[in-house]
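In the two assemblies presented below, subunit A is common to both, partnered first by subunit B and then by subunit C.
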Partner chain A sequence: MNAGHWLEVDRLEELARLEAPAQRVDARVKAVVTLVFVVCVMSYSRYQVSALMPFFLYPIAMLARGRIPAGYLFRKILMAAPFALAVAVFNPFFDRAPMAALGPVTISGGWLSFASVMLRFLLTVGAALILVACTGMHRLCAGLESLGMPRVFAVQLLFLHRYLFVVAEEGGRMTRSLEMRGARLRALPGRVYGSLLGHLLMRALARADRVYRAMVARGFDGEIRLLRPTSLRGSDWGFLLGWTAFFVAARIWNLADLLGGLLSGGVS
Partner chain B sequence: MSHHVVEARGLGYVYPDGTPALADVSFRITHGEAVAVVGANGAGKSTLLLQLAGCLLPSSGEVRIGEVPVTAQTVARIRRSAGLVFQDPDDQLFMPTVAEDVAFGPLNAGLPPEEVERRVAGALERVGMSRIKDRPPYKLSAGEKRAAALATVLAMEPDVLVMDEPSSHLDPRGRRRLIEWLVSFAHTRIMATHDLELALEVCSRVIVMEGGAVVADGPIRDVLNDEKGMLAHGLERPHSLRHAHPH
Partner chain C sequence: MHMADALVSPAVGGAMWVASAGLIAGCAGQVKRSARENVVPLMGVLGAFVFTAQMINFSIPGTGSSGHLGGGLILAVLLGPPAAFLVIASVLTVQALFFADGGLLALGCNIFNLGVYPAFIAYPFLYRPLAGDRRHSARVWAAAVMAAVAGLQLGAFSVVLETRASGISDLPFGTFVWLMQPIHLAIGLVEGLATAAVVTFVARARPESLYQSPAGSAVPGGGKPVLAGLLVAAALMGGILSWFASTHPDGLEWSIARTSGRAPVAEAKPWPAVSAETSGTGLKGGVLTLLLAGAIGLVLRWRR
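For the complex of A and B:
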């Protein structure tokens, strides 16, 4: 009876429990690598497209090594897509200066920057989701805390995540009871919607309060503790240094162009 | 072993929104006693339990657990000696797996990892749930959830067990197993329940509440057998007492 299913929020946690190579990497290492990845990807100029291509290697490798289904991850990324679209959608209209040519088709600067924004969105949001999917929120927050993130933020993040489940469960129950009484969520009058959302908020707050009480009753004092505190192994260092070196190299040299140059025998 | 004594003296509580919940509640529960708190819905049972577990602080009067008054300063100590089992196990289970959930309390108590592991294994074994230790709590059946919630509290090795509706949502077999555990525990046990038959089997004493006050307190068979009194407080005389034959 888990209504959280319609948001599939629990799926990320399930993936994090798999015994796969990507899941075994230390949470701190994965957090740092993801951060370097995001910084590198975001630092490109707005018209850059080809240089971003090598960065797809990281998410693809993690999907494979973490046994994370690509379709599921893509659906999650799509949920956030409207935000990126809102940022990029006007570029093709305002920036019409021709920038590149693909055979007979000229591509304007606007379309290039649109593609660049969408690619960077895909890469960064994907990397962040992969980080959670192969680490788990609890372990990740504990890792971030030991990396020096202020405890208040780590605990906030943990609670925010837990709250998502709470709201999803309450919301699922309310929708079910609506459906049982023949109502359809999309066809409700505005007044009912208002009341529904108000109820959802109050119920979720009350439930969050009970969960917090249960935590406090078992001695929770703001510190996240783990049963098996992780220590860095050789493979963790390898993961950290290998990927960081790759990202920095890809940032300095346009690996896609280099490869293209090599393949075409250096003629172009 | 004065650890296990639970006492309320003139306890009163008003919720922050102004709703009065408890008024002048007094009782003393001694070591190893099993006490049922019964009463109609809204009689103040759940609020009383939150007080006894150190989740709420009294507005007036006092609560003493093991001769220590519950105050903002002592509340951390109180929470270690009184274990509260919530009415809805979903409120109590919030970690990714059952084992991690059971480990949550002992870890917060700062115990060394080997001791935590020992307590987790012990508590799960006690409620027969060792086989589900690596499963996520939300995938369990209601009976398994109840057992897991109980294990999270047992792992803290409390002196006093405080339970809100322990038998709700349980099928007859699950309920029977629960009764066996409750009878076998040596802790001081305080449970709010509408399941009067369970109360009769587990508890020797009953506290009847109405409108936030204690209206009866005594040996369970005597109090529950009083048909008039029971009806007056929105309760019923239990079936098993009605048909009991004198021996």
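For the complex of A and C:
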């Protein structure tokens, strides 16, 4: 159990509470823009690299406008990198047809698609993290609920997020006390594991029971009420339409190639 | 077993989103109708429990390696299929949003692969018939192991199919299957043992907290919405696969191309223009665009 890992998650929520321009944009708008972004990025053919570059504008702009430290976000993305890497790393071995040439160096299709996969990984995972970092779980769930997500599921997400830390701390206490009694084990023997996890489960169940009683005591009647998101402002519409237009434009025309062509034309 | 966004095409991701969203809506309706008020905090806390449980390892006897609980099967045992599916979906959503595990586009695939099989197939068709109402015997252990293995094998195979249909990874089908299935056989074994260990402990210590499916609704998932969702998913998968098969050289052509030299491979992929000039422009433009984006970011940071 790594406590630092959990503190980092909490930090995402802290960033969402900052008073910055990106945080003020309506949650629904940001969710929709993020989805359009991800779909646009993923809809390219597998050998496309240069056309992906204009899409970096969105995460970079959001980092700047949301005062989100880029290094922190990058570290979080790296932690998740192994799976994408594990599958994409075979591409260069299987696909050796020459695809592009840079002067004397030819690049095989495999390397090109490898680069493309890693870039897309960076973009899509970054966009999801940015969405949370500048929205926060509460506003995001309320926004998604008003976009049509079932309320039971929205409430489930909120409850899960709230009790994540509570139960994790419980688990941390149990493993710490085990370690203090001399069992410095990386992995537990089966019997100990069963009873440890079983106890953790029973504590979690007892906690759920207490939570439920507290809810009933405060007037819970089986119906969960979420905060209503406010109506969209002019700037929200601007954000939505502006970014969507940009993504669609970048998807239709290869902006990077256009720019490169312009430059080459101007120089020669 | 999480799939990443970078390996899923929008068509596959979208299809699996639709399937998973439909299942979530169906399950949400069922949970709401079940009118067990206390299930709301219970689901939330059990989701958090699964998160924590994934961080505690136990040693696998005789191998020197270790494993942990995956969570799908134990949730189904504790909550019943519909509520368990919602909890798994919420855990995966939080993992995608906060831990960059998986991704938004792949979320539909992940919910389907890791949620549907344990909750709607492994639990009702393997675990319940095998384990019955007994909670201490060797049957619980056997049932848990078999159900977990079956659930994970199906899930792993779905991962292969979805990755294949997306056409982003170059791994040949056979190799990928041989990579995925044996690994998930081991993982399923571990998952089953962990689930059985926890279930038998709780059965001894606090038997009343194990889920008892109400008489009459012991039918898997309680019926239609789940079945409809599965059918939609199957139809979509079929459609995508056939479309994919017609636009992309298949495994056979691929192996022919490999054995007969490189030239046919280059012919088989006519999409990008291969020429030094265009790729040079692309590179220049790409670097320039990136620099431009960075500069805009700096400007935005200055003027706040």
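One rule holds for everything that comes next: the second predicted complex is superposed on the first by the 188 of 268 C-alpha atoms of A that agree within 3 Å, B and C clash if a C-alpha of one lies under 4 Å from a C-alpha of the other, contacts with A are read in each partner's own complex, and residues count from 1 in each chain.
Here is the rule we go by: contacts are C-beta pairs under 8 Å (C-beta built on N, C-alpha and C of every residue); 3 or more make two chains touch, one makes a residue touch a chain.
Keep in mind that what you see is a predicted model, and the values were worked out from it rather than measured.
J.: Identify the partner contact of A:17: answer first if only subunit B is touched, second if only subunit C is, both if each is, neither if none is.
T.: After superposition on chain A, A:17 lies in contact with subunit B alone.
J.: Does the superposition put A:109 against subunit B (first), subunit C (second), both, or neither?
T.: second
J.: In the overlaid three-chain picture, which partner chain does A:207 touch, first (subunit B) or second (subunit C), both, or neither?
T.: Both partners, subunit B and subunit C.
J.: Does the superposition put A:260 against subunit B (first), subunit C (second), both, or neither?
T.: Touch partner of A:260: subunit C, not subunit B.
J.: Count the residues of subunit A touched by subunit B and by subunit C, then name the partner with the higher count.
T.: With both complexes superposed on chain A, more residues of subunit A are touched by C.
J.: Which holds for A:218: it touches subunit B only (first), subunit C only (second), both, or neither?
T.: first
J.: First (subunit B), second (subunit C), both or neither: which does A:162 touch?
T.: Touch status of A:162: both partners.
J.: Is A:196 touching the first partner subunit B, the second partner subunit C, both, or neither of them?
T.: Touch partner of A:196: subunit C, not subunit B.
J.: By the touch definition above, which subunit A residues appear in both interfaces, subunit B in one complex and subunit C in the other?
T.: Dual-contact residues (subunit A): 2, 162, 207, 211, 215-216, 220.
J.: Within the complex, which stretch of subunit C touches subunit A?
T.: Residue list for subunit C touching subunit A: 2-10, 13-14, 24-25, 28-29, 31-32, 35, 37-38, 40-49, 51-53, 55-59, 61, 66, 69, 86-87, 89-91, 93-94, 96-101, 103-105, 163, 167-172, 193-194, 197-198, 200-202, 205-206, 209, 262, 265-266, 269, 271-272, 274-276, 278-290, 292-294, 296-298, 300-301, 304.
J.: Flag every residue of subunit B that touches subunit A in the complex, lowest number first.
T.: Listed in rising order, the residues of subunit B that touch subunit A are 50, 53-55, 76, 79-80, 83-84, 86, 88, 90-92, 94-97, 99-100, 103-105, 107-109, 113, 116-117, 120, 134, 136, 138-139, 152-153, 156.
J.: Would you mind writing out the residues of subunit A in touch with subunit C in their complex?
T.: 1-2, 9, 12, 20-21, 34-35, 38-39, 42-43, 45-54, 56-57, 60-61, 63-65, 67, 76-77, 79-80, 83-84, 87-88, 90-91, 93-103, 107, 109-110, 113, 117-118, 120-121, 124-125, 127-129, 131-132, 140, 150-153, 155-164, 166-168, 170-171, 175, 185-202, 204-205, 207-209, 211-212, 215-216, 220, 222, 224, 254-261, 263-264
J.: Which stretch or stretches of subunit A touch subunit B in the complex?
T.: My answer: residues 2, 4, 10, 13-14, 16-17, 136, 138, 162, 169, 207, 210-211, 213-221, 223, 225-229.
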